[in-house]
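One chain, chain A, appears in both complexes that follow, with chain B as partner in the first and chain C in the second.
Our next item is the complex of A and B:
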């Protein structure tokens, strides 16, 4: 609320104070990250006990030892598994959610309002109510220890958040466009594919990134459904690391944790505008 | 639950003229999906047109409908049935009436898990939202670098739920680690938080507060929509910054605040991964059950003890609790959430 100050000096002083304040808060918030990045270059016995961000004598052993893998499994296996799951999730969510969203936003079918209400209802439903029966279902189908239970829902648009996000976006598109398409003889499939989808690019990108990151970070799903270390995701590999080495190998654990975050951080740096705008609209529209 | 569900997008509806129903939706609070297609187009063959729209609609909806029946509605019904049975996944479920519920209420570990989760929700959610709102107000100035700060504060929300950060948190809050050291600097010597069943929950609360960036982004978007004239007028009348915040900012962003309270509360009831990892020392969920959050105990009962019936009963109690809190929030919003008439 800087409305009063009009003189140039006042503005500059206010700006400086604002930056100092923001940076101070930022330093507190980002300290854990800085500390752990520094810690990954410290020898084991120096990590926990030190408040310092910078290592006195940087070493790279913690990272080099990652080449040994976890429990004789190379960490590239975990990364490959996570990458496959995350990418397959993205494809599923984009296809199934955009189809449902198009129907909600652009087709006047009977029962639409009822289904929309149900969809919003699932947005608030705690996932844990479905946990046991879904597990039983997949167990009866003998799909435990496969990736199907982790992916099926993505291809069936069960993540209401993304459907909702896309519905909101599609409703904002000028309706003259699809009316024109209709007059030109376009069916719904053509309109969906050639007109609505290309215009929805921002919403699709936002959904894709969130899906990727959620799948990458997911812990409970893989924990329940996967029981063979060769199929483990990065999250489960990390858990195995904790169970195995625990406190004895802080350096390795921290280095592995940081490497595990790299894809998320890369996505964030590349697409942060889409993420933040997507987040903001989810609350406003 | 039902009434709650009906009104969900409501908090936001008035904010976006583009998506608000033009004629004013009367029957339901959900902004009905509206577009240029009248139900019965004048001229042509309305009935055939309707049939075609219905067919197209249900074809497009078929993945969602399959998913809803197979992975949501069906499992919910089955889970309700399981809640009244003794079921270990291998023998057929056996009906035992309310036994699961009586066992649950009499189980001290269950009560611990309710307490731990309650503390987590009651402490974590308000602190997180306060941090989010505070930083959003700080950032809500058109200055250079705003985008950078916004992104930097948002980043923890993306990585905070990962196993990696849970491991980092364990390191930060253990004995003699930075948090302990920092306390020693100001003359306290509390020992590590991770090994202490009474304190480990605060490490978990700190982790959720650390992820204030997501609600902050939503607050910022809400703050941007508050008309500047209001502040200018208030300033003319001699209102100080605190009065302006209290009498203008808060009421104007109350729909966004409501949205954040609702989502964050529901989310924090469901915390699992971080609690599991931060607490894990050989066994899940913390030394002496210090981070035995509700879902952790549900996991233990269902997947470690193979008590699928009991775990289903627990899941339904969670659903009831979340539904109750949601209903109370929606009931309370009449008193403190201000929607502008006519959607501005």
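Our next item is the complex of A and C:
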């Protein structure tokens, strides 16, 4: 008896230490987030250089002033633009990458391996190498100051990483399913739509989450391609609060950063349960 | 599970179709940026760096302009300084620079060499742009090899921003014509009485070192290279390293940590050199009273100062040089615009705008008084060249001096590295 009890006490003490340790690490990790949340309720001169998490005298001015907009533009414009861009990117990546992946994974055509290698090779090209040639190209096509340069690539399966992810996933699906579909008279499109896509849901959800977050946070693309503040995304809008020449409005910037986080968090929370669900139910039943 | 899946995919299909269609529409709808409309209306693009506050003032000015010139529409775009130049560089390589843009002295020759800037002289001769009525010879500021590639919008000059309470406690009053020795004595006194460093560290500010060199008849740049020797810079940085060590200049570790707050408002130093029009920040950031003091001299007379300015430049590729000139003319001469812009980009460059705006705030009054004193005491000199690559030289100067002050590089190493980097930048 006594042996068991000391054993239990030992386990309990161990688990207590484990939890306290985890909480300590959590506090360190969460400190910057808490600082930002606290900072959004501080007056401007209290934000910079202060390590305090909690404001001494909380104010909501930073949030209330957001309603006035930035540079005569309501902030809902920035959010609308970002949301359009992010959702359109998600749709583009899901459709084009899954189609490309289907071809690579399920269809045997001449030069498949070479093309696949070339596609993976594009992952090695740094973004900044492509920036200027791409800009010149879109400039010649007179597509600057539209969302097309930011979206077109997404509809043409240029995100090699997502294609790769889906190819790997599709290769894991049992061949018997495609064969059964073909016996039932399915062509490639039908097999893609009715057999492969539903089974690929985890890969699709993963791609959707990453695409959404990337598009929402993208700064360089919108900076280069959009020429009117009315078309700006949230990430560009955030930069309008601070410049070396003037008095910086850190309060406004922090408040807007927090608001800007909400859609990303919401999107992740909405889809992550499918992610887990998908992994548990994929494959043969 | 299955029905759920089907519905998802069907609606997905609809969204896809919709968004592909939308993509096509946007592509078809918004081609071409600055073309003339059917009724003779012309649209010009105007870009600048700055933030929210400047944007509001500029929007108001443009509303006035469009009322007076109903056939010209102005579209604006703005970013913070660093992002502005990233974007501008990309646009320049694509041949898609905005019709009018904000410019600074360090970029004039760079973009003139790249054939980006329009010579506005022709428009001056055509009577679309007036060069009369500028203060203190500022109209010469935007000239490169006889070409007019920039029109000044507001003047500024280097100044010493001081924490007045700290200077009073140390019983130091900076006077025009004070010397570097007197300045360093003052810093030592501040260190004793206020318990903080005297200066935030002047050794990394290229424009201040330029003044120091000009006081000795040299300059930071010649038309094609550096106007000082390795020995000059070694001397400047050696002395600085000693003063950081002894605490006369602030500890760079602390000032870097305090960023973006300035070392003066963070109460780490009693004063620092900066552009006079940047001083607006100090009062809003710090708790003390802040004032502007004259630049120390070598011989008791020459400060080496000149009036600098932000400029408006036009793009060589603009299809509407006349309208662009009319717009620049309006922005620099119109008194109403002067009232709206205030001292946002320095003291207005033209007499008309300067007379129209009388600062009512403490900081504005100080800046006005400081520049008035500069003009009246006749210390202002001609500006020396800023060759292509000057912007890269400035950034390297700041970075290497910081590494030197932190002790991560020896002075000798930093000087050597600086000359290597500057030569590459200036020959490119």
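Observations
What we mean here is this: the second predicted complex is superposed on the first by the 255 of 285 C-alpha atoms of A that agree within 3 Å, B and C clash if a C-alpha of one lies under 4 Å from a C-alpha of the other, contacts with A are read in each partner's own complex, and residues count from 1 in each chain.
Everything that follows uses one rule, which is that a contact is a pair of C-beta atoms (placed from the backbone, for glycine too) under 8 Å apart; a residue touches a chain by one contact, two chains touch by 3 or more.
Source: prediction; values computed, not measured.
With the two structures aligned on chain A, chain B clashes with chain C.
Contacts of A:139 after superposition on the shared chain: both chain B and chain C are touched.
Applying the stated contact rule after C-alpha superposition, one finds that A:20 touches neither chain B nor chain C. When both complexes are overlaid on chain A, the residue A:94 reaches chain C alone and has no touch with chain B.
Partner contacting the larger number of chain A residues, of chain B and chain C: B. Once the two complexes are overlaid on the shared chain, A:183 sits clear of chain B and of chain C alike. With both structures placed on the common chain, the touch criterion links A:224 to chain B and to chain C.
In the superposed model, A:67 lies in contact with neither chain B nor chain C.
Residue contacts after overlaying the shared chain place A:242 against chain B and chain C alike.
Judged by the touch definition given at the top, the superposed model places A:151 against chain C, while chain B stays out of reach.
Only one of the stretches 257-265, 329-337 or 347-355 belonging to chain C has C-alpha atoms clashing with chain B in the superposition, and it is 257-265. Of the residues of chain A, those at positions 48-49, 95, 131-132, 135-136, 139, 152, 155, 223-224, 239, 242-243, 246-247, 281 touch chain B in one of the two structures and chain C in the other. Contact residues of chain B toward chain A in the complex are 1, 4-6, 8-9, 12, 15-16, 18-19, 28, 30, 32-39, 50, 53-54, 56-58, 60-61, 63-68, 70-72, 74-76, 78-79, 82, 89, 135, 138-139, 141, 143-145, 149-156, 158-159, 161-165, 167-169, 171-172, 174, 176-178, 181-182, 210, 214, 217-218, 220-222, 225, 228, 231-232, 235, 241, 244, 256, 259-260, 266, 269-270, 272-273, 276-277, 280-282, 295, 298-299, 302-303, 308, 311-312, 315-316, 318-319, 322, 326. Within the complex formed with chain C, the residues of chain A that make contact are 44-45, 48-49, 70-72, 87-88, 91-92, 94-95, 131-132, 135-136, 139, 142-148, 151-152, 155, 193, 197-198, 201, 223-224, 227-229, 236, 239-249, 252, 281.
Of all residues in chain C, those touching chain A in their complex are 1, 5, 9, 12, 15-16, 19-20, 22-23, 26-27, 29-33, 45, 47, 49-56, 59, 75-81, 83, 86-87, 90-91, 93-96, 98, 258, 260-261, 266, 277-278, 280-281, 284-286, 344-345. By the touch criterion given at the top, residues 1-4, 15, 18-19, 21-22, 25-26, 29-33, 35-36, 39, 47-51, 95-96, 99-100, 102-110, 112-113, 115-137, 139, 152-153, 155-158, 163-164, 167-168, 171-172, 175, 178-179, 187-188, 192, 213, 216-217, 219-220, 223-224, 234-235, 238-239, 242-243, 246-247, 250, 253-254, 257-258, 260-261, 264-265, 268, 272, 275-276, 279-285 of chain A touch chain B in their complex.
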